[in-house]
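Shared between the two complexes below is chain A, which has chain B as its partner in the first and chain C in the second.
Coming up: the complex of A and B.
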């Protein structure tokens, strides 16, 4: 399977050149770009690990691309996403987020069903890989 | 009417002599009145009967929507009646429309109960629309003062928190209404939901008239839909949702259905505009208490919003709904099968999303409107749209919108999931191109064709719906610029 979180997961994996265009777009909008990585792609895993702080004063996408390749050296076996943060009043949240690195194999998620009364079912989604400890989930 | 008649108000003892006095002489026409910052202002389009003075007609609307009745009553004098009288203060001929006038009427804030759309509308559209001296009457816009806006909850969740909950940023959300809208069993219905969500949509949607019918009762629908939602979520790693329509005959029924939806873990429920303003506000409060996104289908609005001479403009309904507290509202597609010219539709979208909407007559926005930090409301574009229009949709509607392709998903020649994938790929390719600085409106067809090279479902969708457009003149257009409908 393919985890399709983020804005561009239905497109073929982005090249660094393509990533650059999107990051520069965000920077030109005044948003702070940053990288986050994880080996737990659960749809509600909000807090991926931060690769440094958001770059609040960075005018050039090249700086983020440099960090991306540093991040890949350490976590290239997992998921890495670009996050663009907008601190404007009334938004103060993420404006764009897209995956820029993913494991070579994505085993996906187990859907567990707990049958409760009245034909209701309580559902739980679990990444198959999170049975392993953090850091040992993808190769 | 640049030369407005001066105040005609009769004062003193003569004002309260028993009998009938023209409204314009009773204090409902005050051309020198300067609206206070705390006044509510309503802009009406009035069409007086032949021979009726437009100023008298405007004064009558002010009177009948505030304190007046058809004759003088002495009991006015027991009140601060000058404060409570609504005041028509300006009457302008409508450009290019003979016999029609824009009447500006100011209402004191104390005329209204805080936080009640029902109370507001009982005054503003309560009695006056059947008033005999008028051929027709339309409420075009309202200026709602901050002091009044602050008495409302506003959208239960809002655009930003909705995106945070869905973990979806930087692109329009994608949805589809399950079709056929009536007749599917719960089990078959859930199949459509599963295929569409797994294929790439964020949301599926019950149609307005799917409630609890012999072919599918509501509990069955909810159970099968949630199976589909969870299965699709596990298949994609994304948060998915389906608008479970909880519209029902009574509030008790609606609460029961909404609570069941919450118990099952749905992120969103849905109501229809026809349930009424009070029920909508009740559901908005329920949604805030229950971490639920609240989708509103504007079922029925066309009966009073579409004709320019009579009724209530949809821009006013959109304003009321943002106060009332829904999170999603259908606000037009521009290019689809339903009414909506580009400028007027832009005006509706701005009301949904702005922190402050400045006056913009070209878009039919007559007043500056402060939104006083009410949450933003997500506009929904639904009805006769398909992947081949993606560049136009993003151009007209922006990225904070739910694009709903019902037929444009389910009608795909290779199935529902393929239809969903086609839409998602078209969307992502177009947003990517826009961000990368391409002239995506002009290059739209090329961008789609490029994306289709690596996505067969998109190629098939483009071939199937090539050139499908709904190119009719709009009936509800701004009065201040020449307008045109958009063709695909």
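Coming up: the complex of A and C.
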């Protein structure tokens, strides 16, 4: 099951050239771009691991692609996303984020139903892969 | 309804429409790019503007200008080849600028960034100037991130490493400079499309640097040597500098300046255009002082912008240089005798 988080996730995976263009757009807007990675694709897992610092003063997207390739060498089997942070007063938040690397196989989520008082049901989703310990979830 | 071109009707005879339109389109596409007017490209890319500005704003430096012109021609031809679909390989543009102090290496690097940007060779055209301190860390594991940070900042533009020979310290084999050099070489090779690296330094030391790092010499295609300025060129530079600051020489002051340049060149620590700039700063100081002491009543534009002979003649250069140098030379002569 394809994980759809962030922008462009219903489109086919972006090529490096397309990533470059998107990132350049963010930089030209004055947003600080950075990379984050994880191997826990649960939708409520909002805080992914940071790869390096946010790039506040790199004028060209090639710098991010350089780091992306470095990150892929180490975490190419997991999820990597680009985060563009707008530091201007009043925004001070992420303006754009999209996945740039995903595992070759995405097993999806288990839906478990818990019957509670009064015949009502509570639902929980768990990624199948999180049964494995961290670091061994995707190969 | 026989001549209908309604979209819903074309579906009935798909073979007809595609058979007719496809070759026509192909022919059209190839027809548009069978020849390229280099002269027009030269104009429209703005390269002409940069080269002309280079000619105007830089005095002397003939070999440097020729080299830049050649590079510009190569890049234009390369671009034309690309447009025509010929095999093209992005040329390596890493450069090394060697020359004595004050010969305009940094100034040219700045113009180079602008030129490469107009040619579309670098995307942003900014210049990042660094020295050893910005690249080499202070403890183990500090150098790599520091160097990479600088390289990332320079991507899309030009990285100018001033006094690059300091990166390599042969006397200390644990020096972290070697690590910075390795990362530099790797990025220069793998990210050729992303950044241009320019190394600069004094000729003799750069030669030694390249000898001990053969990888660098082979990865740098363009070695440009900056010659010293002649006396006439320096005088020209002096007048241009004064002009830019809205000052001017009197005729006698100009003669004194020519004399000054000749004398200054023979004294130690001569740094070409930089020495001239410093001399001009001191002249302005003396001029201000003179005006302050001698002026009776209000001063006009004329008085405020004129450098007189006396402002120059007060210089120690006319007395044989700094007192400390004179003393040293005297000491030398004594010991020889």
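General remarks:
The definition used in the following text is that the second predicted complex is superposed on the first by the 139 of 139 C-alpha atoms of A that agree within 3 Å, B and C clash if a C-alpha of one lies under 4 Å from a C-alpha of the other, contacts with A are read in each partner's own complex, and residues count from 1 in each chain.
Just so it is clear, a residue touches a chain if its C-beta (ideal position, glycine included) is under 8 Å from a C-beta of that chain, and two chains touch if they have at least 3 such contacts.
Bear in mind the structure is a predicted one, so any value in this text is a computation, not a measurement.
In the three-chain model built by superposing on chain A, chain B and chain C fit together without any clash.
Once the two complexes are laid over each other on the shared chain, residue contacts for A:66 go to chain C alone; chain B is not touched. In the superposition on chain A, A:94 contacts chain B only, with no contact to chain C.
In the superposed model, A:57 makes contact with chain C only, not with chain B. Judged by the touch definition given at the top, the superposed model places A:41 against chain B, while chain C stays out of reach. Using the contact criterion defined above for the overlaid structures, shared-chain residue A:5 touches chain B, although it does not reach chain C. Counted by residues of chain A touched, the larger count belongs to B, out of chain B and chain C.
Once both structures are fitted onto chain A, a short way to say it is that chain B and chain C open up an angle of 100° at chain A, using Cα centres and rounding to the nearest 10.
Here chain B and chain C sit at a least CA-CA distance of 11 Å once the structures share a frame through chain A. In the superposition on chain A, no residue of chain A contacts both chain B and chain C. Residues 160, 163-164, 167, 169-171, 200, 223, 226-227, 230-231, 233-239, 263-265, 355, 373, 376, 421, 424-425, 428-429, 431-432, 435-437, 451, 454-455 of chain B are the ones touching chain A in the complex.
Interface residues of chain A, counted against chain B in their complex, comprise 1, 3-5, 7-12, 18, 21-22, 25-26, 41-44, 46, 84, 89-98, 108-111, 119-123, 125, 127. Residues 123-124, 126, 151-153, 155-157, 187, 191, 193-195 of chain C touch chain A in their complex. The residues of chain A lying in touch with chain C in their complex are 55, 57-63, 66-67.
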